[in-house]
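Heads up, there are several structures right after this.
Here chain A shows up in two complexes: once beside chain B, once beside chain C.
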Partner chain A sequence: MSASDRQSGTGGCGTWQADPALLARYGRGELHGPAAWSIEAHLPRCATCQREIGSHLDAERLGRNRRAVLAAVAVGPPGIGERALVRLGVPAHLARLVVVTPSLRRSWLASVTLVLAVALGFSYLAVPLVGARPGPVALGLAAGPAMRLVPFLVLVPLLPLAGVAAAFSRRFDPTHDLAVAAPLSGVQVFFVRSAAVLVASLVPALVLAAGLPGPGWLPAALLLPALAVAAVALAASSVLDPASAAIGVGAAWVVLSGALGVAWGSPAVAFGPGGQVLSGAVLVAAFGVVVARRGRLELGWAR
Partner chain B sequence: MRSTASQGGPLGCLDDPELLRAVGRGDEAALGELYDRHAGWLTLRLSRRCSSADLVDQAVQDTFVALWRQARRYRGDGEIGAFIWGIGIRRMIDLVRRGARRPAGRAWWVPSWTAHEGLVVSAEDEVLVGVEHGRLGAALDQLSPELREAMAATVIDGLSYAEAARLLGVPVGTLKSRCYRARVELREALL
Partner chain C sequence: MGPVSAERSGAGSSPGTAARGDATVAGDRPGVRVEGLRRRYGSTVALDGVDLSLMRGVTGLLGPNGAGKTTLLSILATVASPDAGRLSVLGFDPEDSAERIEIRRRLGYLPQELGYHRHFKVAEFLDYVAILKEIVDPGRRRAEVARVLAATDLGPVAGRRMRALSGGMRRRVGIAQALLGKPQLLVLDEPTAGLDPEQRLRFRELLSELPDHPVVVLSTHQADDVAAVCSEVVVLLAGRVRFAGTPEQLAGLAAGRVWVAEARQTGAEVVWRSGDGRWRHVGERPPAGAELVSPTVEDGYLRLAGEAAVAGSAGSAEGSDTWRSRRGRQDR
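Right, the complex of A and B next:
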């Protein structure tokens, strides 16, 4: 017995040994007062009594906690984003589901910002390329200066689109199987992730848009068309798989805005008053489709 | 419940400080072995201080997760059992205090290592082992439940007055005066 006592370290049982009957009463919660105190002072140090007391506990409960500990250790601590979400009142399991979204990873958001920054730079550096051409005025900009905004304006709706597609693509999402098996309906996961991705990719876009040459309200004008494009893609993914939906809708956006720009003689026309009204209508219609067909919007819907 | 590893596996031969050092090197099996040795009594002892089995389970889990994250800073002195208790009871107090406010929050509270140094084998523990035989045991038995509770939290659990007051849900002043009265009564009974 003394050999195993040494397991617990420096203490060991020494001269005092808890009576097995006393331990059993303590284990059942029947022991009170000084006798219970004695056991409690003794237990942390005595390997023999630790083994003995373990038999008085629900093995399943201990096993459950053991698995939880080892799982928590294997997963690692939550990052800044997850802790912030939990602090804001988001349930912990939902927060984890959001932060593992592929298009919410730091690398993805950094590349979105980089692409937009390049487009922003283009709008300043491309003056010699485009030059000043006469033409109709849209968004408070003459046609010439507006041409320089084209890369940025085309990209702003495309990036959230790519983000949404990546968020639901089996190819990019290492947690896809986990998310499908999560104790949440697929629609819940779908909406939570879409909202998170849209917010995360539109924020850098709008911040950088504040640096564009042009009127101060330009960033606000980008919001509605970008949301409308993303909503159409979400609606389309109730029919197609997310990647095809995103590519199709993205191509449609480029063609349509390009055609409108050529017809009106200014590339910014999609963001003008007419474009805003149209975007609003499309957004409402697409949202209606998403809600009506929500039964098809499971994570594994790409069938 | 004990895993088979603790019966004869290589980890079963290590003592607690060696296991904790292995945990510090990132050995998950060593953490499992420490859990198998200490989770049982920790669960029972915490259950006597909190009636919610969920909160106790949470505190036990957090204790071993904290052990995992802090093990590297263990300097190799002091008893592991007392150390684990120090983490567990403080985690328990923390959970009880804000349990009503944020029940679902997965807390990753990590104790500071130094906060537990006062706990490592106190002279009170030495006296208390075997206390139920003899005059001190009889004297303790005569204390009112409130005074016994106050003594247990400060002496047995090794808590500060502020922590014990939080655990028992009384003002710090009340707790201090109860401890004082308990000491006076014990002295009178023993002298």
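Right, the complex of A and C next:
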């Protein structure tokens, strides 16, 4: 208790009571730090001080505090995913925005995993679509067996695009209009959601890719082209709405990877050494566009 | 439609200023100024050269379904962009991305369809919207959520799932989220849809208690809401402003043109049977000896929009004004 405590011997708590001036300041919400903590420790044990503080309390302030406490209780504690993000250093408010991203739902992630698993199964079970052909073959696979990797290889860069499209689509995000009309709808939300979708899509893809037939470094080879395609979609989002950008870039990826595969005699050529160099260059260029046009990365209005 | 052309000349091409005049807002500047706003959706013209000035206070937007109310409100809320025209919102130009953010920092928006994630509880939803409104400090956010919960009497359901609420209750949550952050501009698209009479009364009180007198623009099908809370009213028909003025001025459009009778009479634009069993008529030429009555805002609106209200409300029976119009037509 503070030095100004008075000794009375008649208080409800025994031998001493809090200084009335301190009690008054506490009641008005003007007391902070150790003095406030002392009062708080003392009050539950002293009936006299409990009676006395009643005359110093601001009913309106108490009402506000009570409502805020009830609101906090109603909001509830953050979920596992949100807590994990905060532990990783993501600010709490951004973590809350991330966990409601439509394409981060369990159902969506389960669908992604299922689609990839089917594509993985295809790599083992399907009969080669074409026979071996002469010409350069990427990844150390014969052209015929490599054809069985096509669904998986094409899908990996497409899934983050689908996730981005869903994250910013009116159809998937019921709060889309509210988000657009809010000041945080700009580049901050854009990057936060896109990054979350990328991580959530690529992690299961890379994990499952470890089970693909072929060289052990194949999963790592998938990463750069997938990031490059996603970066191009983000850059295109400074011109088009995010969903249209993702769909357009996805279609371009399918056509381009198919054309490269036909030209070079292997569907996996986009992931070979040449493809890695090209992907790196595209990634850097697209990132430059994103940085330069970050002011245009926004939901709504001029689309 | 005779009455419309007559009132159109009164409203002019810039009806906001023509009907109100600058004198009514002496020393004040419009919160929102709209000039020549146009917006098309494919071949459908939603807004066809809208000119408007909105001052501090509550402005009601009346019009049949398809008149362009929601499009206009979504543009004011920076959710959609116009094809042409100039717009100034709270002194900011929404064409500029930085100024657009400034508008959003001062905006409370209730869309026609309030979307929410299925797992959200009421307080969680408000907390989420508060984050979107850049109220990132948890303490301030809780206090703000608590404030709007109390203002809309939603405290007892703060912990309930949004999907478990009635339509009227969800509308109140929508109003609550629009109030977060004490906005200077409130854009409310049919805020009273689904509210029962008591809730509508509470909503009116809420608007009248808003601190700092923000610019409020709301669309509604309830003419009595306009009469009760709006200091200004704008009638939008087929994407154009056909009237802008005070509710009294709108009611005045039907002065001498509203009569009641025991039986339905010919010569009226709109006819319906009121609660006392008598027929209420709104038309250009009351018959000789007709029992004229004082016009209401609804009468003024129906006289102005009678034809359009009937056409625009096809397939909808929600708006009592337009529903009555259609029934009047069918009765004739």
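The criterion applied here is as follows: the second predicted complex is superposed on the first by the 205 of 303 C-alpha atoms of A that agree within 3 Å, B and C clash if a C-alpha of one lies under 4 Å from a C-alpha of the other, contacts with A are read in each partner's own complex, and residues count from 1 in each chain.
The definition used in the following text is that contacts are C-beta pairs under 8 Å (C-beta built on N, C-alpha and C of every residue); 3 or more make two chains touch, one makes a residue touch a chain.
On a predicted model such as this, the values are computed, not experimentally measured, just so you know.
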item	value
Partner chain in contact with A:P91 - chain B first, chain C second, else both or neither	both
Partner chain in contact with A:L62 - chain B first, chain C second, else both or neither	first
First (chain B), second (chain C), both or neither touched by A:H42	first
Contacts of A:V239 with chain B and chain C, given as first, second, both or neither	neither
Touched partner set for A:I53, first chain B, second chain C, both or neither	first
Which superposed partner A:L70 touches (first chain B, second chain C, both, neither)	both
Partner chain(s) touched by A:V100 [first = chain B, second = chain C, both, neither]	second
Partner chain in contact with A:G27 - chain B first, chain C second, else both or neither	first
Broader residue contact with chain A after superposition on the shared chain, chain B or chain C	B
Residues of chain A that lie at the interface with chain B and also at the interface with chain C	64, 68-70, 72-74, 91-92
Residue ranges of chain A in contact with chain C within the complex	64, 67-76, 91-93, 96-97, 100, 173-186, 189, 295-296, 298, 300-303
Residue ranges of chain B in contact with chain A within the complex	1-2, 15-17, 28, 31-32, 35-41, 43-45, 47-48, 53, 57, 60-61, 64-65, 68-69, 79-82, 84-85, 104-106, 108, 121, 124-125, 128-132, 136-137, 140-141, 148, 152, 156
List of chain C residues in touch with chain A within their complex	74, 77-81, 94-95, 97-98, 100-101, 104-105, 107, 109, 111, 113-117, 121-124, 126-129, 131-134, 136, 138-139, 142-143, 145-147, 149-150, 155, 158-159, 177
Interfacial residue positions of chain A with respect to chain B in the complex	6-11, 14, 16, 26-27, 29, 33-38, 40-45, 47, 49-51, 53-54, 56-57, 59, 61-66, 68-70, 72-74, 77-78, 83, 86, 91-92
